[in-house]
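Both complexes below contain chain A, partnered by chain B and then by chain C.
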Partner chain A sequence: MLTYMDYIQKCFSETSGWNDDMSYEQILRTPNNLLQFKIPSGFQVSVASKNTENSYSSATLRQLNRLNGSVSYFYSSNDMKNAYKGTGTLPLWSVIDDYRFIRSPKQERVLQRRKKAEKKDLGDRNPYLLYGKMYFPSQFLEGMIVKRLSDSTQMTLRFINTPKFRKLTKNCSILTLYLQRQNDHNATDFIYSSTESLLGLRCLYKLGSDFSLSSSPGYTDSTSLSAGFELWFALLSMSPGLSTAVRYSTHISSSGKPLTMTLALNPLLGTIESTYSIKPGLNSTFCSKYTFNIYSYESDFLLGFSLFRCNGYNPPSPQLQSTNKTIADSPDKVSFQTGEIHTENLQPNRSNTIQRNDTKKVGGRSDKYPFNVMDEDQHHQLLTTFMGITPGKLLTENNARHFLDTFNRSQFSSAFKCAASVARKDVKFAWEGRFKDLLLSSGVHIDCNDSIPRVDKCGLEIQYSS
Partner chain B sequence: MVALHLSEESRERLGKVMGTTRDIVHYSWIPFILYLGWASTSTKPNFVQLLSPFPSA
Partner chain C sequence: MSFKINWDYIEKESFTQYAKDTLNEAMNSGKRPNILSDGIKIMDLNFGSIAPEFEILEIGDLGKDRFRGIFKFNYSGDASVTMTTKVSASLLKNYNANIKDHLMENCEADVSYNCADLSNFIEPNFIVSDCDFDIPLYVTLSSIKMSSIIVVVFSVSKGLTLVFKNEPLESIDVNSTFDKIRPIARFLQEKIETQIGELFREFLPGMLYKFSLEYTTKSFYQFHRSLNEEQEEEEPRVMLKDIDPDSPMSMSPGSLMRLTRLASSRQTLSLGGEFSCDRMNSNLVTKAFANAILASSNSLAFSRLHMTDRDFSTGRVGEKVNLIKNIQARTFWKGNHGEDTPRRRVFHWNRHKEKEKVAETQQKLSSLVPEDAISDGDDSTLVASDVIENKSVPMKLKTSKSSPSLSVQKRNSRGIGGYIHPTSRISSSLENTGELNEGAIPMSRGDGSGFSSSTATVIPTIDFHLRRASQYEQQQSEKQRLRQRDEELEELRRFMEKQKMASPKATSNIQNRKPSNTYHINKSERMKISRRIAKLDTLLSKKAEDDDALNRGRDTKNDFVNSTYGYPIVSNREAAFDSPPPPYSYS
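Let's look at the complex of A and B:
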């Protein structure tokens, strides 16, 4: 489950129009969410609230061997009231790490255009987020500055500082700087870390069948192929690092169910990892992973799944119900819903299509047929749109959109996750859900290497925010 | 890489300046965030409201 800090950062990215998934760092996010999810250690309680329009605070108390805690404060220069919700009202899928729906370059472009329009209304084009967290009793300070430099560039500075208590102890500071640049089809990250003077470069390229600008605007394609690599070099130890990965994400044509496949390679360490993740239903996700090392011949097979409990579905917004009445009356009952994170990205680009409201008055009367009042360019554009539509593809996209629309409207109340490794002989269970206005997260990690399985780690986390 | 040649005294002074700057940032970072939150709002909440993570009644 996301921590409060991660949630605030997510809200900030959402309101400022930054896509966190558009980075090489996140290329294996779906398999990692399902196979390497975090198990809480000990008992932890955190309380958070929105103090003013732009500032947020949180306090955490943790019991693991001994009692410790932390307080954290946030300041965001842009107003996050549309994205931020307390634990009592936020949709559970937005804080539980599960299957990630990948947007194609075209969907990305549509979303970016919309976000730009929204940002113009907000006024602050280059917002920033400040974060500070102090741990007790150690008094370690953790800080972060996120600053948008332009529409496509963002700078993030993270630091950790330990205080100097005695003359003999030396204080330690670690500083990491990220300079990120992204657009609808590629992303580049430059990283510098003061630890070993580490320099890093991450690149991600997104390819899709609707990559070109001239593709038909009438529908979107949710299939995407992403490829990327990362390079690391430590200046002090002169040691390099390298990895590369490919990700293919699509929807099953008959049902619109999403699936993602990845292949990652690390030539220096000799590891090859392949994963297959699928969402066979709205309430379930399944993932498998196979790893192999070409130097040591060691291999592992991991399996994981998550099951969601659904209490019902939110109705589509009334405005959209009336707008899409004709579509909703069709046999497949496709309902378009804007305002949601995922579905809005899949909205067809209607900016170039002809709306019924665009009818002009000719000779003092409103023309019923807009085709008659179009100029030659519009005729050509409309015909190209219709000629470009492949019925089979349109059906697939409608199914995909319907699946996402229903998923976004689902009222999930809890999730159960399980992951197991064949070579390591361990199994993890986690339960995350909502009780009243509290978010609960619990889990257990069982090691089966010995004759008697032993509990390696277990814990419970309680979160409340308003 | 160009090596920076500094005398022992300069190195010590630079270390002290760096240490002091680090201490100032360490203890003023959170008050600075709180101040920005206080300055950005027109209602100007009191110190306890600004500091407390508990929801106000």
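Let's look at the complex of A and C:
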């Protein structure tokens, strides 16, 4: 489950129009979510609230060996009222790490355009987020500054500081700086960390099926192929690091169910990792991972799955229905709607509001002259799509759209996750769910290396925010 | 001077295994460095065939509990050790682990969980760059050459301090998996050399010091404990309370032994033990305490030389009887041939008390006994009155000088009275005997010698005595004819009852009627006392055995006397009174 800090950061990215997924750092996000999820340890309670429109605060109490806690504060320069929700109302899948739906570059472009239009209304072009946290009684300090430098660049600065405990120990300060640049097709990150002067470079390229605009089919298809690499070098310790990865994400044409495959390679150490993740139903995800080292022949096989409990479905909003009606006459609407839902799947309410805006703006007048209101690009898209439409493609799109539509309307109440490794001989279980207005997250990590399985880690975490 | 070390001894399989285990434990104790992804395991350990050379250069100080010396140490043998581990070659994985370690190092242990949070927050998120990559590593250390001067300082209180005067390691061969990769091989060689140097300089002396400290303190403690245990087992502590609480004034062998032990325990330097008032706090032993003991025991038992069932089963009856016989014979011998007669002793012991009692008795008896018989109040009065009382006894005792046989007779009768009293059948006879021998009561109490105690040990012979008693009855009935006055008899009986109350009877019914007093010794205490007494008695019998064995040589003369004079004489005179304890054949 996302921590409050992660959630705030996510909300910030959403409102500021920064794509979290568009980074090499997130290329293995789906398999990592399913196989390397975090297990809380000890007992932890955290209470958070939105103090003003821009500031948030959180307090955490943890019992592990001895009682400790932390207090954190956030300040965001833009208003996150559209994204931020308390634990009582937020959709559960927005805080549970699970399958990530990847947007294709074309969807990205459409989304960006809309974001831009939206941001004009908001006014703040370069928002920033400040975060500070103090641990008690250890008096550790951690802080973060996220600042949008321009439309396509963002700077993140993270730092920690520990006090001097004894005469012989030093106080420890580490600073890590991220400079990120992203656009529809690629993203580049520069990283500098003060420990051993580590320098890093990450690149990600998205190779969508819409590689050329002329190939009209696939506009609505979210299929995307991404490739990237990272380079690291620690100046002081002369330790290099290198890896490269490819990701393929699509929907199964017959059922519209999403699947993601990745292949990652570390040429320096000879490790190959391949993963396969699929969402066979609305309520389940399955993931497998195979790692192999070509030098040592060491291998590992990991399996993980997650199951969701669904309480019911939100009724489709009347606007959505009305737009769905228009789907019949306008294939553009179909594709547009699918794209919309697809890209905004993590925030259905928000996407609904956007849709509402759209229908107000576009659809409202579309009663008279729907086509005339569209801009040139939309004309072009509409025409190309209409020209290149094929029944098979339509079926796939419809399946995918249906799947996502149902997924977004689902009211999940809890999730159960399980992951196991063959070589390490360990099993992890986690249960995350909502009880009244509280978010509960519990888990256990069992180590089966010895003859008697041993509980390595277990815990319960309770979150409340308003 | 130099040592010759039996090097072949440590070549034994068990020792090698032990050394391996110890090394494994030592290597894997503490936190493993991040670069090692697996524990260190000793694969092979070989001590070689060449022994190291030790040479004493100087001994500065040599004492019972301290030692200081300078040694010369030389080794150029063929010992070798092979170990294996796994090295993590994933540098970025180590990078992240180092961040966490760095945080852990610089803070206290109890906030380590925050360190994990903090490091998660700050460390860059590597994708596959930090994957696991372990390289197995074999390291063989061989042809070790060492030479050093060692200073050893040892003292019991401060432990062992060992200092190497110079760098002990001269050279070492390091062979590893990375031999072909020159830089790594060189790095390993350097690293291991410095590490071994450190081992000898810091780790080894430190470990030896800790070990020695543990050993010395432990052994000291154990030494003391074993010392205390020994004391507890062999010499149970004796306290004043323990000295025959029922009859503190009687001189039984048991109480004599206890007194001796008490006296000797004051001379020992024994440590520990229970709190005892007589040693720890001398002013506790006051008159009040003594009085308390006296008051608590209103009956005076003759002896504690018990014969238990166990004795019969183990066949120690004969020994005890023998002991009694010896005592009796000695007393008899002394009475016959010695200068001091027991009679005299008896009178001297309790002169003042006797006088009072005698006076009392005389008052009481004045009506019973003809006035002329009680002529004077000197030392011989009692005996005289005895004689007067016994004058109707067929065996006439003319003078008090013939007291040995008289006393024997008296005591025998007393003993009978003491033991037979509970049976109602003989109570009448007791009254009679009491009437006859009442003068003997204070005497026997005052006497309290080993001889009187011997009568108490004759419990198994009770049948014998019953027979004797019946004889007595007949005799007494004769005497009864002399004074048939019932009122006097009644008066005498009442007096006897009183006497009995204060008389040293170990009978339980009398003990139960013990009046509560301020110095009452409670039940648990009594239990304790009785346990101690039982223990002491076993000791006593042991001691008596020893003494017996010791005296056997010395007492040949006595034995001779016994054989020549003792039994024949006794049997000639009065078999009924003076016969030795019947020969037992229980074993």
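Heads up, the rule we're going with is that the second predicted complex is superposed on the first by the 393 of 466 C-alpha atoms of A that agree within 3 Å, B and C clash if a C-alpha of one lies under 4 Å from a C-alpha of the other, contacts with A are read in each partner's own complex, and residues count from 1 in each chain.
What we mean here is this: a contact is a pair of C-beta atoms (placed from the backbone, for glycine too) under 8 Å apart; a residue touches a chain by one contact, two chains touch by 3 or more.
Remember, predicted model here, so these are calculated numbers, not experimental data.
Look at chain A after the overlay: chain B and chain C fit there side by side. When both complexes are overlaid on chain A, the residue A:Leu28 reaches chain C alone and has no touch with chain B.
Within the superposed three-chain model, A:Glu461 lies out of touch with both chain B and chain C [touch as defined at top].
Legend: residue contacts after superposition of the two complexes on their common chain; A:Ser49 is shown touching chain B, with no touch to chain C.
Which of chain B and chain C touches more residues of chain A is settled by the count: it is C.
Using the contact criterion defined above for the overlaid structures, shared-chain residue A:Tyr135 touches chain C, although it does not reach chain B. Applying the stated contact rule after C-alpha superposition, one finds that A:Asp97 touches neither chain B nor chain C.
When the two structures are aligned on the shared chain, A:Asn171 is found in touch with chain B and with chain C. Contact with neither chain B nor chain C is seen for A:Glu397 once the two complexes are overlaid on the shared chain.
Residue contacts after overlaying the shared chain place A:Glu14 against neither chain B nor chain C.
In the superposed pair of complexes, A:Ala59 makes contact with chain B only, with no contact to chain C. Between chain B and chain C, the smallest C-alpha to C-alpha distance in the superposed model amounts to 15 Å.
On chain A, the surface touched by chain B in one complex and the surface touched by chain C in the other have residues 164, 171 in common. Residues 47-49, 51-55, 57-59, 71, 73-75, 77, 130-132, 134, 141, 143, 161, 163-164, 171, 173, 466 of chain A are the ones that touch chain B when the two sit in their complex.
Every residue of chain C that touches chain A in the complex is listed here, in rising order: 89-92, 94-95, 98-99, 102-103, 105-108, 110-111, 113-115, 117-118, 121-135. Every residue of chain B that touches chain A in the complex is listed here, in rising order: 19, 22-23, 25-26, 29-30, 32-34, 36-38, 40-41, 43, 45, 49-56.
Of all residues in chain A, those touching chain C in their complex are 24-25, 27-28, 41-42, 62, 64-66, 68, 70, 135, 137-138, 140, 142, 158-160, 162, 164-165, 169-172, 174, 176, 191, 193, 195-196, 198, 200, 230, 232, 234, 237, 239-243, 245, 264-266, 268-271, 273, 291, 293, 295-296, 298.
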